[in-house]
């Protein structure tokens, strides 16, 4: 019984963390129409930022500043934000493919850099031994996992409320206006480039937060956790959930994470031994099929955007 | 140094062939196709299969050509792989991209290509295994061109470079001298006017995929010949190929050729100052540099 | 009874679904004659021609070429029924040379291609001199010339031209209009959009006036030259209002 409960707690904790990343992506794509192909890098920036800033001293590489946990978490988000700002400033004014390619490049380069720069990131073996706040104080790992579960859920709720407020604010309306019709927004005297950049940076910082929580949860981060393919998984969650709708984004995250763990479990349990080696391969095919299948047969996602502000929507009503 | 330059030219010729198809598709269908590099994998594996088949049916074909490690069987397989990969590209378009295009979700094409990349790459892993393969186990010794500085060149590398240049020359001839080439350029420049002059767009799109797929297949075989064949060829080459198209300017075929060489040479020359582990990140630095200095690339036009 | 080679019957067409630009437009083009469409800027003149050419979707009504219904036909099939179209802008391929532009449209002409190309070069000497230059390097007038040459290359029975004389010097514009007249006298049927109302009415056979996507008036060009309504539309319309 306790095994089932602790598994459920694990499942929901990770799903909540992933949901936060998907919400960040939804701000960028669903609400602003920005294509981020490098989600993994921004999650990674938050994770590495946190562990380096807030971790204990490490013998042979950077970090171990032991910063107060919330500050370290914020630090990770800022690292993600700076990374996003750098890429964004170069690509915001170009057609959307450039942003997709450049951000994908960030993810490849970030992972590559973390894998190779032993001095900064511990290289391929990553950074271990992050001291989780209150862990020593609580002592019992089960109670700690419940505590962290509550913390992750709280963060998810906070991010959700923040985003819901944001998209209903004038700024949020502006974002959607730009997504629908860039020239019209421009003619209102707004600078679409800088507004999109803000949304891009904000979304990436939310991904950074997810990364920080992820690294806290596992007390460990390595390049293996932030492979560029992670981006595809996060995208699958958003597409399944339905871009533009925050509740859908969260549902998509839970659903895909469920499919992922379930398929992993099923394969390890029922697949013949030779196929075990290919469990990851089969799971990735599944993710690919889900992405393509959704786009072909249900492009609006399972939980489509309700808030209709698009021009075509207006016209259809009139 | 010179060795790095030579290696860079070789890699560059492979990237150029990959980038030509990608830039054509990106320009015509207006989406960044993250699954284009998987066509290189399809080509490399298709050639592996037919190489094995030909050698088994006609053992005489399994002898290598002159000083090369390349056998006649593999040589023939290159062309079969080119055809099959072109057809695969058309098939993928018909099954996925075309339908999404027609539903009016143009922006979704990029995710669809994410999904297709995952599917193709992992299906190949599933079918052929994760381990690396080689076209031949024979070791061909490099020829020493000079002792100081030490410069080594393998006969296969010379063959690859000549073949790549040959394919590019054929493409150049077609584009600059034949009415068929003019139709391709016309569609690239102004699809609506092209239609008005009687060109059927869907036909040209199919032809573009065939050309892109065929060149990608040749690039994949050459990459496999020069390095090794594994299911992650696409994953490793997608960024350098994108970098080549951005350097050249999206839509410019000649830009893609030049961009391929620039990226190949730069990535190899970077190894003079950087540890080799960092080489996968170099294309990204090149992309950043181009976006900073000349966002539309060397030959690209401003298009929003 | 006039021999009508092209006609539209109550067509409704627009760029965005549910947002028609043209409302119930009917025009007909008699054989071997010039019909001109005039109207203020934004009236929908280009849209009408594009709808006939298959570029803008037609949501209701029909288009006939002779007895054949060509509604919804793809633009690339128009050559097959003998219709050529010279767009208002972007009507040549800038990245191809002049010779290549012509070779492109002559690609199905087979052995005749060389000869026809030569005829066109004789007809338009300035193009001949620059045949190996990129078309993007031509002057505005020379571009129009090339665009017209490309349309003529396929020997169409029906030619639709969208403001072929726009941006030309009065002399060059006069030459273009003279060429149009010669073509019509030679048996071609021509649907023309013109801005220069007086000039257009003087040499056209038939005239349609369009404003705000509606059909305003039509009649024999000669009759309309002195019609006060035309003056009203133009003075009261967007054309003057915008100036």
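Should a chain be cited, it is by its letter among A, B and C, assigned in written order, with residues numbered from 1 in that chain.
Note that in this section a contact is a pair of C-beta atoms (placed from the backbone, for glycine too) under 8 Å apart; a residue touches a chain by one contact, two chains touch by 3 or more.
What you see is a predicted model; the values in this text were computed from it and never measured.
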Report task. Touching both chain A and chain C: give me those chains, sorted by label. Result -> B
Query raised in the report: Which chain pair shares more contacting C-beta pairs: A-B, or B-C?
Result: A-B
**Report entry** Furthest chain, CA centroid comparison against chain B
**Finding:** C
Requested in this report: Can you figure out the chain closest to the middle, judged by Cα centres?
Outcome: B
Query - Whole-Å gap separating chain A and chain C, where each centre is the average of the chain's CA atoms - result: 54
Query raised in the report: How many angstrom lie between the CA centroids of chain A and chain B, rounded to a whole number?
Result: 31
Query - Interchain centroid distance [CA atoms averaged], chain B/chain C, Å - result: 43
**Report entry** Touching residues (chain side chain C, partner chain B) in the complex
**Finding:** 53, 55, 74-76, 78-80, 85, 87, 90-96, 100, 103-108, 150, 154
Query raised in the report: Which residues of chain A touch chain B in their complex?
Result: 33, 35, 37, 90-91, 93-98, 100-102, 104-106, 108-109, 112-113, 115-116, 228-229, 231-232, 235-236, 239, 277-278, 281-282, 284-285, 287-292, 295-296, 299
Query - Residue numbers on chain B that touch chain C, as the complex places them - result: 179-180, 182-183, 185-186, 189-190, 192-201
Requested in this report: Could you pull out which chain B residues touch chain A in their complex?
Outcome: 26, 30-32, 34, 96, 99-100, 103, 105, 107-108, 110-112, 114-119, 121-123, 125-126, 130, 235, 238-239, 242-243, 246, 250, 275, 277-278, 280-281, 283-285, 287-288, 291-292, 295, 303-304
